[in-house]
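You will see two complexes here that share subunit A, one where it goes with subunit B and one where it goes with subunit C.
For the complex of A and B:
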């Protein structure tokens, strides 16, 4: 094959990364502290922008409407909705599927794009994850209230009870309960875990006691320790891998609510992939719908750049094509199947009494997004905004068409009916947007909207350092490695000052002076060290950049210290090896957790459906052998969804709890927190702390060692 | 800079965090167990012993005097309800025995005025449950099986939780609870020597055609 030189714009195989626009632009792209400042500004401003008040007012009005409508429903009964035979599901389940679909983008961005190393996700993942959680809250509301007696919602969960009954584990509706609750839990864990380092940034910038203690409590005493980052990164990767499988499973399970029924238009094997594609489609459309006003309102245009919007527009376009293909395949399958009921259903979908819904769905989802083929449309913010809103209108109608239009004409013409929503149903839908946007507005105002730690990690400055410094410190390695008994050889050796001449002083002068801070550039003489009151807790050294810290870590490691650590605003590449941190045991714990979840699910389902346990166990522990459609009591195939969900749930919980157990957080008290130098770790500080409890620690010699690593400042930490 | 000390968490907060974690796990566990115990019919129903308007003693009538259950609860073999006796049944004997007893004042008043004695129902099933006494009695389920040793009770109390899981335990496997029909009201009956209750129960189950249904509609009609 001859190689063809394509124009740059058309060649997607050999894209030159250097020619892409920067991910983080403007001021924020210049340094770590700029990122911190720009993101924190939103939450630290005394007053949010006026637009925030407006949006908050409108959305809390919506929330109030929701509360009134749900209260009316609960106190009056399900009859206030216009549900009846044959349309027994309409707005309620449509809204459920709509919201759970919206909730898919967050995990997709955080997990799948993370696994695919898509760095542009870092700007949008935090608020997409938040959006996921709020959408899942809205989604969970509808199945709960459509039960009628919402106070019995806990009956959905398997627990030993006085009725001697258990959920029917071969029913997709029960799979739904497990899938959605697992999804909500894992999304919440993922979101919160990702937010902990950023909450620590908020804590360290807090100017009021209230902010300090609230963000301090939430950030669990996070200190940017490299030993913590090491486990954290692994936990994040594991959660991402688990969430990736989960996100695909959730909408697949939701689709089986319909696909396993015999109704024409529902009974289709195409449903799981079709629903997943639709979920990603609507989810990304919602991210764009929220991102465009949010970047205007909070001045986040440096983070959510045209390149981000362009990428999201491309995903919307791809998924639109997938959804459009699914629509066509449904018609094709009905035609080719020769099944008159299926053929009637799809004719009725487009030309029946509710045919207009079918056209709204087709045009909004499959036709209008085609405009995004044009680069012009992807770059024009208002076009993108309008398209994304229309996509969500279309996706709501897609679910409505499948559910309500599917139900109103079934096999028996004598059973046909029609459906028109009552005002309660319409206002409950409106109110659910109120709930969603209220939560979102509160999130924007009070929590870190952009994942600062992750954004800092992808900044170009995060990967560059003075190369001559690295060479200098590497040259020292063999010499130090041989120093097995203490650090005397280092003291004897002439001090190679790795910092370029003059720059050490300059860099140090920028640092705020804390108590006991002493600049490395001042005369290094052990005899003249300022004696602090009492024994020191440890020695803290500050470095200019990640590379300097990494080099220093090697020195300290080779000197044989054990009770020491590096602290950085984001996990620094290669620092694990430089420090000699051994791989964490967390993956094995997570594997054990997942295995336990799988076994628990299988044993539970066997136990609960077994005729043996029905007579051998007493009271609430007795099994409930249900006969359904002639299926066997124990059917592995039907038990797989719940086994999968519990595997993911327990593995994720193990990853989350295991992380905090392994790093021994929360621990709120840590002596270096009293140091101003150390507080900059969550902003742009790169520090190394050697603790006094180390056997090798010696006030004078340790300080000499630290000085030799080319730090910009040394500080003695008191035990507080 | 450096004059005002930074805000920090006190040393004890490291331990408080452990306490909070224990609380986060312990409190839901405690509340869950409390609810499981407190809301369980075994706690709520078993031992329910309301004060009756007349201090009628089953221990005396059914135990000491040996009056058959069906003397008073006449319809137990024929209808769903095991009828509560009308006052006239009491007066069959009490016209002659203890006719002036102060304890029987309420009974005499009811007899003269023609108003029923306001007995308090002890074994009260939920309204959405259909229960038929005759079906159970004719299948060979003894009175004592559900009502306990009535012949020893001064005041009647419940001994069984009367909840659905309890009903289902017998409906799924009735063998251990069956006895010959003519022994249903016998409070002292035990399986004949050398015969296991379940073996006898299996014979009786086939003889009486006892195939209890566990369909929802069996009880929730």
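For the complex of A and C:
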């Protein structure tokens, strides 16, 4: 074969409605192994780039400042902040809302864009999800330290106690505890679950024992089994749907911290969706702020292409318009309502003593991002970077304006006050960036920054749908007529294990039993298992591409085998059908889990605040009925937020734990791991294994069957 | 699951299934039957003894009008979102949505008719005077004038001219360019529609919001809610998607379109419907929770009259039928992929959406009368009047002893005769809507035959 036209365009932002542009450009767009190499390069390099040390130095300095400031606060008392009456919340809660908002983009990218089938998300979702976790850590810090006596933070959770006190579930501040902790948990599960296949890649490429054991333990023995992928995909979809509902609820609950009050500027019915839009807006700006330097620093320009930046810029523009719409509605409604306090608040917001904050917010959030209407601005990386930084500034000020400016002048002029931050507050904010960036830098260095398995799934070479239309519309090569020719580039690429084309089966038959294609010259893998004795565990066949594997799966299925499986670096479309895998029961488990969570939450809230249990139960289990905001002891409306959060929490936990239970992982011992061929499954290998315990298994006939399927190599796996 | 067989559906081959053809006749006949049947319902007005008859008629007209307006605007949103997101899957559905959105001209005519018929019933002059008297602001002297401007009749006309101009322009542009592409196959038209949709979306967001304020929120002139525009928007998109699914199903049941729309497309439509059921619930709950919690009289005046007597049940039915039951019903992927199940939920939700508008609009028939009934001076704000009407601030379901007679006015919109008028109005307008949709569908192919992404849509499969 001669050279193939490279399946990429350098400018993949050009829009031609007749075909979809390449999402991964350059070398990485050529084959699965290239993706693995490019992504692993960052974490496997002996030394990170010099810029990483610089960034790490600055961030850890920030972290040190944070530690000092928090220690000073805890040992001295909350008075070191300049909070006062009436401004009893300022930097602390502003930072909390700011950071929790930053996190939302990660969930948007990983969950909402997944549901909307936005394939470009695969390049950025991993590090946006990491960003979510780190932002939630920063966010959680502020409400904790603003309690003053941080060692009593556990009082926020409902547990039976001698004092007979319980949290009041009518209070939005308690809703917050549940929303944020659910959000942190589910984000962590989602992030980790998405990372398991990539950690397995790291494990299989490990060159030191330390790396092998750490990544090996973390990857739970993941082996790319199609039966696992089948459940995994369903679990991912369910978690994405749950996370979507969750992300909307979390910032809505945060907004109720303000909106249930009667304070002008706080009490506005548009707050829940307005906060969600603002959170996504600020989070996306943060993704852009981090992605632009990261793609430079780690050489990820083939993954985070101009098209990715263009799309992110458009999302920033859309959410900017939503935030602008909310501002407009607030001002318009204040004007239309004829409510003097609302009207005063909005005049004071823009023209009062702290009016400049209002203008920073308005200009940075609603005016400056409008420049992104121009394609020119979306293409110029530095313009995009500046806009994204300004949006971050603007969104911080938005929360500050709502909280501090809202508080400083309320209904009674005799109650008016003012606020200036103390140096402790300012440096704590700076320090929280240090914490965030330190964690982010460590992540970039030690974990897979790009979701390799997902990126492989969207490569044109990995795509061969069921029909010609799909191949023609998705493939980048205009001359690609049929599905199988879409694999051409991978064949031409220099393969680490070159196999003579067309002689695959013969090549395999020359190999000594049990050795596979193991190269004597290469150093043994750190996780190399001792050779098994005698008894065969199964037969392993390697295929050139997903289509060949799928065809082979049909043959094996029709031959009546039961104990067999296919292994691939990403879930191959249509393979589960070809193998005859039955749909998983996971969705029903998740439904049951969600229902249980909902019931648990409703019963708990009723029990804890009910006058009935206050008299009928004793000691630490007696209920604590409290009147709060003039509300009834027990009211369903106030219990819905927590019922929702616990529904999502238990459903997500069921999805996560149910996945591993159904696929029976972690299980670290698996005889095919001894095969070098098999370890390529997490890179670019497509293999099929028929196990010896199958009733129909016969060394000779099974081998014949496998050879007839057009594999490139056959290998016998010994039991270990 | 029926798969499109791609080879038999070459995008370029003339396909007679992709014309309305004989189905046009059926559509016209059913439209005419509905319109005539509706007139019989409206005829229930004749001989009605209620002193509220004009108010009932005017509000019923408004319910039907906003119902069809919301469907039309929902379809327009679908078309613009399709272009803006460069969607591939929905190409085969787009022409149907374009036809539904094309009904905006009919809605304009019906709006003119509403102005002529119901000028007084709709924005009563007492309300206008009341609005002018409310809230003299110590901060801003022009507030009172501003309130006048908001409810001023001339201003209202000017605003509606702008709304309809924007909607007509958007639908005309997107529909005519799309049809032009059928014959020319010009790819640049796709880009032109995309650009128009970007600006259109901004104009759409503003016009639908302010139209919702003018049409619905102004019914309670002292009440305000910043989320209200979003609330109307969610209902609009939901009803637009539902009607689109029903139209596609009806055309396929009548042998049109063929395998160009498959279970895969219904699945995606079902997902969007599910999402908007949830979104509606989210927005409705956000509004309710915040108003319930803050408990400010100027805001609770919206919910309190809707909890008196039988209306408390209507409110609960709305939540259960618009959110809880369809949410569970549409959760499973099977519900979205089986056409008949999806059609069942679509009809259900369309009824729920009608109930939503009924719940928003019809209580006004008696709310308007509350200040008068309790003998308050004209212009007394509703929260003040409600204090006298209700037995106690806690017992919002009961009227005070001396005002028991008012319960007849409260129940008036729920009487069989009133419901017959409303149903007649919905059917009559629905008949006209169907006739006009048939007219629009006949003008072009049912599928954008030269769309550059048609092949992608024909081969579309969910994961």
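Everything below uses one rule, namely that the second predicted complex is superposed on the first by the 631 of 720 C-alpha atoms of A that agree within 3 Å, B and C clash if a C-alpha of one lies under 4 Å from a C-alpha of the other, contacts with A are read in each partner's own complex, and residues count from 1 in each chain.
One rule holds in what follows: a contact is a pair of C-beta atoms (placed from the backbone, for glycine too) under 8 Å apart; a residue touches a chain by one contact, two chains touch by 3 or more.
Every value quoted in this text rests on a predicted model; they were computed, and no experiment measured them.
By the touch criterion stated above, A:209 is placed in contact with subunit B alone, subunit C being left untouched.
For subunit A, the partner with contacts to more residues, out of subunit B and subunit C, is C.
In the superposition on chain A, contact is made by A:336 with subunit C only, not with subunit B.
Look at A:615: by the touch rule set out above, it reaches subunit B but stays clear of subunit C. Touch criterion not met for A:560: it reaches neither subunit B nor subunit C.
Residue contacts after overlaying the shared chain place A:352 against neither subunit B nor subunit C.
Residue contacts after overlaying the shared chain place A:673 against subunit B, while subunit C stays out of touching range.
Looking at the shared chain after the overlay, A:31 reaches neither subunit B nor subunit C.
Subunit A makes touch with subunit B in their complex at residues 161-165, 206, 209, 212-213, 216, 220-221, 512-515, 614-615, 618-620, 622, 666-669, 673-676, 679, 720.
The touching residues of subunit A, when paired with subunit C in their complex, are 15-18, 20, 115-117, 233, 237, 245, 248, 252, 256, 259-262, 267-273, 321, 325-326, 329-330, 333, 335-340, 343-344, 347, 373, 465-470, 472-473, 573, 587, 591, 629-631, 637-638, 640. Those residues of subunit C lying in contact with subunit A across their complex are 6-7, 85-86, 88, 134-135, 137-140, 143-144, 146-147, 150, 187, 190-191, 198, 202, 205-206, 209, 213, 222, 224-230, 271, 278, 282-283, 285-296, 298, 331-332, 452-453, 455-456, 458-459, 461, 463.
Contact residues of subunit B toward subunit A in the complex are 1-2, 5-14, 16-17, 21, 40-41, 161, 163-169, 172-173.
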